[in-house]
Amino acid sequence: MTINIGVIGTGAIGREHIRRCSTVLQNARVVALNDINRDNCQQIVNELTPEARIYDDAIDLINDPQVNAVLVTSWGPTHEAFVLACIEAGKAVFCEKPLAVTAQGCMNIVEAEIKTGRQLVQVGFMRPYDSGYRALKAVIDSGEIGEPLMLHCAHRNPEVGDSYTTDMAITDTLIHELDVLRWLLNDDYASVQVIFPRKTRKASSHLRDPQIVLLETAKGARIDVEIFVNCEYGYDIQCEVVGESGIARLPEPVSVQTRSAAKLSTTILTDWKKRFIDAYDVELQAFINNVISGEMTGPSAWDGYAAAVAADACVAAQTSGEIVPVKMADKPAFYR
Amino acid sequence: MTINIGVIGTGAIGREHIRRCSTVLQNARVVALNDINRDNCQQIVNELTPEARIYDDAIDLINDPQVNAVLVTSWGPTHEAFVLACIEAGKAVFCEKPLAVTAQGCMNIVEAEIKTGRQLVQVGFMRPYDSGYRALKAVIDSGEIGEPLMLHCAHRNPEVGDSYTTDMAITDTLIHELDVLRWLLNDDYASVQVIFPRKTRKASSHLRDPQIVLLETAKGARIDVEIFVNCEYGYDIQCEVVGESGIARLPEPVSVQTRSAAKLSTTILTDWKKRFIDAYDVELQAFINNVISGEMTGPSAWDGYAAAVAADACVAAQTSGEIVPVKMADKPAFYR
Amino acid sequence: MTINIGVIGTGAIGREHIRRCSTVLQNARVVALNDINRDNCQQIVNELTPEARIYDDAIDLINDPQVNAVLVTSWGPTHEAFVLACIEAGKAVFCEKPLAVTAQGCMNIVEAEIKTGRQLVQVGFMRPYDSGYRALKAVIDSGEIGEPLMLHCAHRNPEVGDSYTTDMAITDTLIHELDVLRWLLNDDYASVQVIFPRKTRKASSHLRDPQIVLLETAKGARIDVEIFVNCEYGYDIQCEVVGESGIARLPEPVSVQTRSAAKLSTTILTDWKKRFIDAYDVELQAFINNVISGEMTGPSAWDGYAAAVAADACVAAQTSGEIVPVKMADKPAFYR
Amino acid sequence: MTINIGVIGTGAIGREHIRRCSTVLQNARVVALNDINRDNCQQIVNELTPEARIYDDAIDLINDPQVNAVLVTSWGPTHEAFVLACIEAGKAVFCEKPLAVTAQGCMNIVEAEIKTGRQLVQVGFMRPYDSGYRALKAVIDSGEIGEPLMLHCAHRNPEVGDSYTTDMAITDTLIHELDVLRWLLNDDYASVQVIFPRKTRKASSHLRDPQIVLLETAKGARIDVEIFVNCEYGYDIQCEVVGESGIARLPEPVSVQTRSAAKLSTTILTDWKKRFIDAYDVELQAFINNVISGEMTGPSAWDGYAAAVAADACVAAQTSGEIVPVKMADKPAFYR
């Protein structure tokens, strides 16, 4: 069985997902495209999906009976409306992060989805599909290191542009940890605090970099995440889980070890796009498989809401310097 | 475009390839099956390929005009005849190792392929498709470590059954190194010597285990390969390339690092099937892509012949204890 | 030249230092002993220092003209008085931590030392003499990783006895980091905060374990130290320094790497006494050398005071849950 | 107790040992010096050993009743005569390698020593005193990896001068492995073979570099040692022991791990003098302790003889290209 996919937003990320569907993944075919710039769609048709139809209106694409499922990869502020339209049309939708630009927007989606009685939404958090995080979760779940008590994490980029602002360290960068760590621990956040170390001289004058975010979970685990987006040396994601009887660490990406010029070394990636490159394939194939099977198993609208609430608390904590509670609605039975 | 594949031999390996075509890879569909045991085919049809036709005669399968390409995964001694039939029918064929059970058999295939004027054969050596070996080759080819002078390799299995004989260390085990190291170095073998260390008490009485194979290449590089098929501790493939100015080492498989019970450790695989599991997918997708593009780029009939000649020399060296020359025919221009 | 040493306190640590002087180090000879239990001294005489004289009164030992330098390895609350007596007698003194049980006590020593116009005191902090920390400091000081911005540290013990209390995590355990990190960074502490993760079930009912101590330095670097004294798996000291352009990590203790039973592993120490075993030798030899040269270069009375002030702030932070400032007196020119 | 040491040969190595005795080790004092260049001795006296007496004749130094033990660190061809003179004088002697320049010369010493009925000689092989090799031997002896079957070793230097000749790869370089591997395995050599890989372009025109030496032991273990003295990248000693149930590897020297400029790396030494720098101290202290206790426990005259016989066989194998037997005399009961 092959599903027909419509894509809203054919910028860089949309184009990558279309390429995946066309040349990497099984059982999916892109049949409909929409973008605020019709030329973008035409180029995709020319290069990748000769049979896809171009829609000037995203809602028409969503309502095309031929379309079985929708990818929302448009500009963030448009996500909420498009996802709600997909839910209304009863169609499965894969929405790149953020699910909505406010926690309330996410909650609107949650409520709409519950009303349909069927899970339809997958949010584009790819790290739970990364083989390293999955292996780490397997070790935790095996009980080999006991109950997790502390996590020491880092999210480092070699550099960011001048347009990157202090709050984006939360909304664009930490947001991935906010999602994946909930999944890793099967836990929720209770409070957050942000501390600002001495600033690196490599950062823009307006940017506070690095930052350290301290999270407390509902079960009492403590997480520290170093965010350092001008670290110079590489794109580096670290995650160490300290349990009651042992410690497990996210694997480094595979690299050839060399002995050369008085150094024993492996290469650290510098391009973030390569770090989780396989995870994007796995993530989207999982969505396709879920559409076919009818059971959504990936990051849900609820997970999107949870990440948004936690991110809001982190941004508030950046400003106040205080410990800020993370106040989530009660989890609906619908999401188990 | 989707190609139609016929599979000859539906045992364990054949079944795995059929599963790949059906549930993992792009642009291929299994439409025809043959096996000496028709029940095997029927089971595949029931479980994986409901539309596939079962042939009682492999030659009929090969000649079915609907079949675009053939996988030969039957018993080794049947390979030569089936591959020759595919060549005669002008059809692309992916043949599991060995291409033929003798070097002469491989040469027969080479000559038949040259006669058609078109490369049609890919031999099922998967290691050149392993991401670790590819990364290692990239480092060598970059010149970072200079010209390769020596290779230190190991091929270890936790244990083998009683039916495993001393020559199988060459024909079943070393055969993978014989192929991948030629590719890695872009070189050929000139001579071989086999030495037998003190035997492990874990091996069958009739089996000499471990063995060390010493290979000299045409360019003068020296390779030592430890073959140890009752090493107990794991399935472990090592390859270290010593160049004029540095050393590069095949990456270890990814594993979560743990601190537990006074040990800092990562896991070593014990099941060989997991070691190159991704490479099998890449290998077969490459074959499919090559069938579509019309240009074969994988291990060729000539590579199959080269591995067979080297293996023959290694077996002779096991017996004689002498340094045995590897005498290959001149490489036809057809294979560049 | 050989110096004559008097030792006050011949318990476990005192005995170890006497053994060092007698069988490992150069240029020192233990000539005088004092202990609240005279039998302890006699046993030392019998086994290690046949020519040493036993004193019933520590002050008499200090004032013996034959004694060139004193080791104070008695019960903590006695340290201040003995060190002051050494200063009064104009004799070099090596005092095991704590220098005094209160910050004021340390300040009394600082003031007495300044009054003599000559540095006489070395505090028994051994980590600055550990080859790993020294190598780490060399990397920092070389500028290779840029200015230090963050430190991620851990101090883990497999288990502690029931008598170990929550504040001992600071005064007995963290105290080593409080000293060595000041030295490593050439910086002082500005404030501290303590957070308590979910408690391990392996700890005594009265003990909060693990703890995370967050320190801010005068230069604005941020330090997190995980203290986990019932971690089960081993005695493990971690220290990672994140600089503006790179990261440096304290080396793991040397260990044979093995491949065995499906694990690639090295051994983690479980006995804290082995972790810095060489550092004790280096530390005491440095003291001896300094006594001979007349210039004290090790952890000074001022360093002992600084560690005491920081420890007091940490203990206060444990109780209050607040960010507690570390209020030190201005550094006297005497200590540069 | 302090022993009085006389030193014959005050070049670089002699000077280092004198410095050790004077400033690092316990219980030894250099009281007598001899060198073919008297000025060398005078300089040592001026700088390190003001009370040492200078002898114009080495034999007079040996026979000085004040001298308890002798270090022979003169030019290799003089060793045999000086060691024999020490034995005749009944004095313990530490002789730098080689013990004698021929196997027969070593045997002359063995016979002289047996005749005195007392072990007096320690040969200056330092690797058995290296903490890494000791840890490796402890793992082997523990039985953790089972009986050793194979050793994979490497001895690499960044470069050598033009005066370094092909046979020096054996007599100056491999000689350390020839000693330490016998000790590590508690085994003897049965035969050797040398193979010459493609030559590096970095080596002098007259030097064959790298080389691979294949050794068979009496118990049947197989050893391969790569000797590569113009490897460019560093001074690197590798030793991997493959046992019946696991593998153990010589630890790398301690180094700070850094993340910098897209590399995760540790430093490889380039100066051989630093690689075993601690082992020299331990080695010489052991000699001193043995002189005091009266029982020699280090590399014996017999070990010196064994290394010489094996080296001779290796040099013969370099020339002949054949497998050359290592023919040792039967081990006298005197050496257990």
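Residue numbering begins at 1 within each chain, and the chains themselves are lettered A, B, C and D in the order written.
Everything that follows uses one rule, which is that a contact is a pair of C-beta atoms (placed from the backbone, for glycine too) under 8 Å apart; a residue touches a chain by one contact, two chains touch by 3 or more.
Being a predicted model, the structure only gives us computed values, none of them experimental.
Taking A-C and C-D together, the chain pair joined by more C-beta contacts is A-C. In terms of the distance between Cα centroids, subunit C is separated most widely from B. The mean-CA centres of subunit A and subunit C are about 45 angstrom from one another, to the nearest whole unit.
Subunit A and subunit D, compared by their mean Cα positions, are separated by 59 Å.
Each chain gets one centre point, the mean of its Cα atoms, and the points for subunit C and subunit D are 38 Å apart. Residue numbers of subunit C whose C-beta contacts span two or more other chains: 232-233, 245-247, 255, 259-261.
Of all the residues in subunit D, the ones that touch subunit C in their complex are 23-26, 131-132, 135-136, 138-139, 144-145, 245-251, 254-261. Subunit B makes touch with subunit D in their complex at residues 146-147, 149-150, 152, 195-202, 210, 212, 214, 216, 219-222, 224, 226, 228, 231-233, 242, 244-247.
Listed in rising order, the residues of subunit A touching subunit D in the complex are 232-234, 236, 252, 255, 259-270.
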